[in-house]
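What follows is a set of structures to go through.
In what comes next, subunit A is part of two complexes: it sits with subunit B in the first one and with subunit C in the second one.
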Partner chain A sequence: MDKIYRVNMTELKVREEKCPSKYAALGGRGLTSTIVNDEIPATCHPLGAHNKLILAPGLLSGTSAACSGRMSFGGKSPLTGTIKESNVGGIASQKLAKNNVKAIIIEGIPKDDKFYILEVTKDGVKILPAGDLAGLGTYELNKKLWDKYGKVGVICIGVAGEERMCNAGISVNDPEGGPGRYAGRGGLGAVMGSKKIKAIIVDDKGTDKVPVKDEEKFKQAAKAFSQVLLKHAVTGQALPNFGTAVLVNIVNEAGGFPTKNFRRGRFDTAANISGEKIAEVAKARGGEGKAVHVCHPGCIIRCSNIYPDKSGKALVAPLEYETVWSLGGNLEVDDLDKVAYMNRLCNDIGLDTIEAGVTLAVAAEAGLAKWGDGDSFIKLLEEVGKKTPLGRVLGQGATVTGRVFGITRVPACKGQGFPAYDPRTVKGVGVTYATSTMGGDHTAGYAVLQNILKVGGDVNPLKTEGQVDVSRTMQIATATVDCTGLCLFVAIACLDLPEGLQAIIDMINAEYGTTLKVDDIAKIGTQVMKTELEFNKKAGFTRADDRLPEFFDEEKCPPHNLTFEIKPEELDKVWANI
Partner chain B sequence: MADIEVRAYATLIKYLPGLDLKEGKKISVKEGLTIQGLLNQIGIPEKETKIIIVNGVHVDLSYLLKNGDRVAIFPPVAGGAK
Partner chain C sequence: MDKIYRVNMTELKVREEKCPSKYAALGGRGLTSTIVNDEIPATCHPLGAHNKLILAPGLLSGTSAACSGRMSFGGKSPLTGTIKESNVGGIASQKLAKNNVKAIIIEGIPKDDKFYILEVTKDGVKILPAGDLAGLGTYELNKKLWDKYGKVGVICIGVAGEERMCNAGISVNDPEGGPGRYAGRGGLGAVMGSKKIKAIIVDDKGTDKVPVKDEEKFKQAAKAFSQVLLKHAVTGQALPNFGTAVLVNIVNEAGGFPTKNFRRGRFDTAANISGEKIAEVAKARGGEGKAVHVCHPGCIIRCSNIYPDKSGKALVAPLEYETVWSLGGNLEVDDLDKVAYMNRLCNDIGLDTIEAGVTLAVAAEAGLAKWGDGDSFIKLLEEVGKKTPLGRVLGQGATVTGRVFGITRVPACKGQGFPAYDPRTVKGVGVTYATSTMGGDHTAGYAVLQNILKVGGDVNPLKTEGQVDVSRTMQIATATVDCTGLCLFVAIACLDLPEGLQAIIDMINAEYGTTLKVDDIAKIGTQVMKTELEFNKKAGFTRADDRLPEFFDEEKCPPHNLTFEIKPEELDKVWANI
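Let's look at the complex of A and B:
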């Protein structure tokens, strides 16, 4: 991949550039974060002309490496004001790579009010009017685009992104043409909407294989890598059989499943919204339902699913842990069909489901919905789709909603709502929530592995010891994985089976002719974190922003009755010596 | 005797037929029985288990059961290469 396309939406012109040598070794998050820090003024308005939206496939995307179909979107986040990289699967990344796209940098803002689409093919990038595609929900949009273009990659926004709501995500389509994969967090859908781009089509028709310098070495390394993924119990059995929602029961038993807006860590009927339940329902209802599913060709972990309605028709794909928590347990809703329907609504309107659920809980605090009553929450989501004033407030996420209604119980850091683990009883991920460069984020430094699953180490989730180190280590490792186009779940296997890390290095070296070593993994990630921390500093963020809301320090979380307990001086040790 | 609540998840559910995950399976065991002994008593093969959580805390097979314990047994959904 060596082409960089600059799409200037003010001039409505596309320029093709050769990748400068300083970016040659970068891909995915390493590339987007470096371009963000190099080109975007850190104090710019995220919805204005100076912000940019950058797309980049990962270093291994488009090859035969298992699970290599992830891509990164980067920019300044309208939700948090920090740097943002949003990582997503689906079928677009591999097609971008096959079109020799290293990155697409979208700049400027159109002078008129119309929406556009971009067409990416082997011949380049074209800007075209969106016509009557503007205003469509993502399900109908995807169907129309596949009818017109065939089975192309579709990157798009819903009404939320068009209206520049800061909880707007960017959807990428799956192999069945559904919009369910999301570059969800951080509001980059609003950035895409501010640049008046409704959709980006990626067609790899007529392309050749992604060039690999040493095909034989690559094949050997890819084989070793696949074996590692199949061998590990989580990537080889638990995730394919039960999906990510296999986490519900174990996090719930460990007392870390945030219930009723983080009031307790255990939900009595959590099993009703668990991965085991989803697999049971998908099998029992049959039809289009699938308990095992891939989000992109070449994934062998197959953690995804297609959740069917009562008649066996596909209702939502995937239905994942974070969403059954945010739209389920966090709202005391235990009806899986209602949770799945709310997930579909979020997909169609173009919202991040995690932030949507945290927002709905804040709305319930304000008396706008009833705890446990799925229908009352569905009504609120529908407001967002209808673009009513209330809908526009909710579409801004939990922090703004809390401010509008005078609610202080808002679990967020740097303006981004917390995911599905209570920081008081899963303390490692709590450190990540506070210190991640992107706000309240779990994948950025998924210490849940060491805290709860005992993968890659064993750090007691209820004690303060070891949490700062495990969060830092995971944040750095994740930053590296996010450059490669590999799904983060490969880290689960590679943390326990180090031959997996060697295989990743071998694949990169075989593709690019580089001479990286396993030691470089930490170096690559460290450089990405330094870049992101530098941007945030320029944007005005200080250590005072690396804190959790005060109620986590003061309110004890049942059943363990613990507070967060990790002092500010300890949190500041995460990045003090980077 | 110690009255305890047992739950088994994922692929282990089949060893406790009729299990209501909301209520758990209520059984009586000898006070001080280990987790290892419990698995033997209720017929869950030890080699199929990976994570044991009692009252929300991770424990190992030598944990001594006491009255009122809530026991959760997981296969390798969580952790470990084979």
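Let's look at the complex of A and C:
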């Protein structure tokens, strides 16, 4: 991978650049965040001509490494104003890597008001008119593109992105051509929309395998890596059997499952929307439903699923933990069919499901929908697709919705809504929500592992002790994993089985001829964090932005009846000495 | 003035406190900003229980000093997130001072959802139920309150404030009982609404004159001060004859009158909405119309006016320069009756007219109204009053409206829309928009004086040279004036006639027995700025927030065809050494 394509949408021209040597060792998030920090003026308007959208496969993408199908999108977030990296599975990353693409940098804004499509092949990148593909929902769009181009990778936006709604994600298709894999958080779909790109097609026809310097060494390391993933209970059993929604009962039991807009940490009927229930329904209904499914070839964790409707037709894939929480428990909705339908609506319109659910809960606070009444929330989501004023507000996410309707009880930091773990009861992830470089986010530093799953350590989720350290460690480790193109779930296995980390390092060394050591993992992640913190500082962020909304310090969360308790000066220690 | 009333809206209790000695020398903005910085957690939610609303008459309020009827409102702004002071004329300030009120600090939020009224008399402050006064427009509200309480001072909010819309201002009544004097900018009406206070009645029945230590000395100084105001061409002639809208033709001629959402600096038919035209219509229609009017007893500048409808009935008072610009030229509307009607609508709903007009222009960019079509803009304003989703968006101001509708061409800084001077053509005020402690604001440092009116200096408005210094000087001087309770317009005279400054200092010394010198004026203002900058720093603001939107650096403004040109590093010099 040594090509960088620079796509100038103002001039409608593409330039192929050789990857500069300073970027050679970078991939995925490490590369997108470095380019963002190097090239984007930090105070620019995120939807203006000076922001850029950067795509980069991970270092191991396109190889035979298990679970290496992630790619990163980077830019300045219109939702948060911070730097943003959002990575995603699906089938495009491996195809980009096979096309020898290190990164695509999309800049400028077209002078006219038309939408375009980018077509990436081994011969380069073409800018084509989108014609009547503009305005389509992502399901119809994906179908039309596969009809025309065959089983290509499809990176696209829905109406939300076209309309520059700040909760717009970027969809990547799965092996069945469904648009359910989302680089959801942070609104980069709106950035893609601002650049008037409806879809990016990635065709790997005629490409070779990704070059690997030492094939034999790579093969051995890849095998060892797979064994680690299969051996660990979470990646080898829990996730393959029940998907990420296996967490519903676990987090609910722990009292950290935010219910009714973070009013309490336990939802009485959570079992109705659990991973176990999803598997049961998929099995019972049969047809296209699948309890186990991959988002890209070579995944052996297979946490994805296909949720069927009553007739057995695929309704949505995947139905994930964060989504059954955001569109389910957080709204007191326990009807799985309605949750799945809302998930499909979000995918079709092009919305991040986490932010969408947090937003709907804020809308319920404003009296626009009724707790527990799935249909009332479905109506609100439909407003977004119709682009009504109300729909446009909801499409902006929870913070703007709260502001427009005068609601102060908005669980968000730096403008991004909180995911499926109450920060008062799972305090480590609360530290991550406050201090991540990208606003309220769980994957940025998934202390749920140590707090709840007791993977990679055991830190009492209800106590303040140790949370700052565990969040920092996880944020740095995650930044490293996000460079590799590996799914973050591999970290679950590697934290308990250290031979996994060695295998990752061995694979990278075998592919690139480098001499990295396991000790370098923290260095890589630390450098990514430094880069991102530097951008945010230039953009005007300070530690004063690393605060949870005040109700987490004042309202006790049942059943444990705790507030967040971690003090600002503790939070400030996360990045004090980086 | 030595009483501080602390009104706790959570407990519905009032506590009378003796003014602490550290606040004794402070008044108006100096006092509100100091209390804000001392008492409000800088990172709190502006509409939550931790924000406070602080009222303080100026140091000279209630005395016989000419033009001393201003009072300050302070708090954390829900529009900008910064510290906010907004001062206003009308009849309440003098009555507060006569009641010996140094400040009222309103804190907490009621537990129920009902609105209240505060009644301030010589005996203290009472919290009364608002009953069916809640929900009323400010015109009807003011009428009902005068019917019940007599000609009291009325401080109130409209529906916009009740609904916590961030462009809600606070109205103070004029001598005729009209609600046209607004502490408009920064959304403190939403803070008052969040505290569930519909109105504050100020009755000075049974009060004495404000005590003055040296009556004779005060009388002499007050006389000298009046003479200065009457002598200067602007305060003695231009403003009394044509009101502030005398600026329309002047600024338009200078090419700095932002037209069609800051697309150019000259509006072909500006004369139709000029001060001269207002005076002509008021004279021709007769009836209640007045080209010259005072906003409070003792004003000798008399820049206010009463604009009559076709039948001679008062439609709105006053019709000011900033408003005929925001609801007129900025929308390409040159029909004075429609502009006046929009102004009345804003007053009635409780919106700041500047932000409202900037917002309507952004709405026109989004295709929601038609440039030049007054009726289309009137319809949008009516949506605000009806509290529809669209109306609630518009009630949030220009920045949120731009975000909801995907418009990047929003003339605003720190979330507050720009007033009636194009920063590319009147560069000194552009520096103020960028660097004021309260977002885009002209009164914070009115370099228009030196740039256009050639008062207090002559700095070419089209050149970058000298603008940073003139903006800083004006921001500091303004901060001082805002402490006194004097109308900012007195500065116009005092900048050219230094005996005016001496007279102000003499009046303060005579009232309080202090020994201030003219040299202390800059020190007082500098201390206010330091206090405000300190609060903003704690709230997370940095110099990166002191930037104009990028289109001012890229689009040239006809007729002079200039961009803003002043570089970030120049802007950063404004507060580098304070």
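We adopt the following convention: the second predicted complex is superposed on the first by the 578 of 578 C-alpha atoms of A that agree within 3 Å, B and C clash if a C-alpha of one lies under 4 Å from a C-alpha of the other, contacts with A are read in each partner's own complex, and residues count from 1 in each chain.
Basically, a contact is a pair of C-beta atoms (placed from the backbone, for glycine too) under 8 Å apart; a residue touches a chain by one contact, two chains touch by 3 or more.
Just so it is clear, the structure is predicted and the values come from calculations on it, not from any experiment.
Student: Based on the superposed arrangement, let me know which partner A:Glu550 touches: subunit B (first), subunit C (second), both, or neither?
Tutor: Touch status of A:Glu550: second partner only.
Student: Touch check for A:Ile452: first (subunit B), second (subunit C), both, or neither?
Tutor: Only subunit B is touched by A:Ile452; subunit C is not.
Student: Would you sort A:Glu253 into first (subunit B), second (subunit C), both or neither based on which partner it touches?
Tutor: First partner only.
Student: Could you say whether A:Ala510 touches subunit B, subunit C, both of them, or neither, answering first, second, both or neither?
Tutor: neither
Student: A:Gly540 contacts which: subunit B (first), subunit C (second), both, neither?
Tutor: Second partner only.
Student: Identify the partner contact of A:Ala271: answer first if only subunit B is touched, second if only subunit C is, both if each is, neither if none is.
Tutor: Touch partner of A:Ala271: subunit B, not subunit C.
Student: For A:Ala42 in the superposed arrangement: first (subunit B), second (subunit C), both or neither?
Tutor: Once the two structures are laid over each other on A, A:Ala42 reaches subunit C alone.
Student: Going by the contact rule set out at the top, does A:Leu486 touch subunit B (first), subunit C (second), both, or neither?
Tutor: neither
Student: Just to be sure I follow: which residues of subunit A are touched by subunit B in one complex and then by subunit C in the other one?
Tutor: Residues common to the subunit A contacts of subunit C and of subunit B do not exist here, since the sets are disjoint.
Student: For a test of understanding, state which residues of subunit C touch subunit A in their complex under the given definition.
Tutor: 42-45, 47-48, 50, 163-166, 190, 194, 388-390, 392-393, 396, 400, 403-406, 408, 538-545, 547, 549-550
Student: Which of the residues in subunit B end up touching subunit A in this complex?
Tutor: Interface residues on subunit B, with respect to subunit A: 7, 9-11, 13, 21-22, 50-51, 53, 55-58, 70, 72, 74-82.
Student: Under the definition above, what is the set of subunit A residues touching subunit B in their complex?
Tutor: By the definition above, subunit A touches subunit B via 231-234, 236-238, 241-242, 246, 249-250, 253-255, 265-266, 268-269, 271, 274-276, 425, 452-455, 460, 462, 493, 496-497, 559-560.
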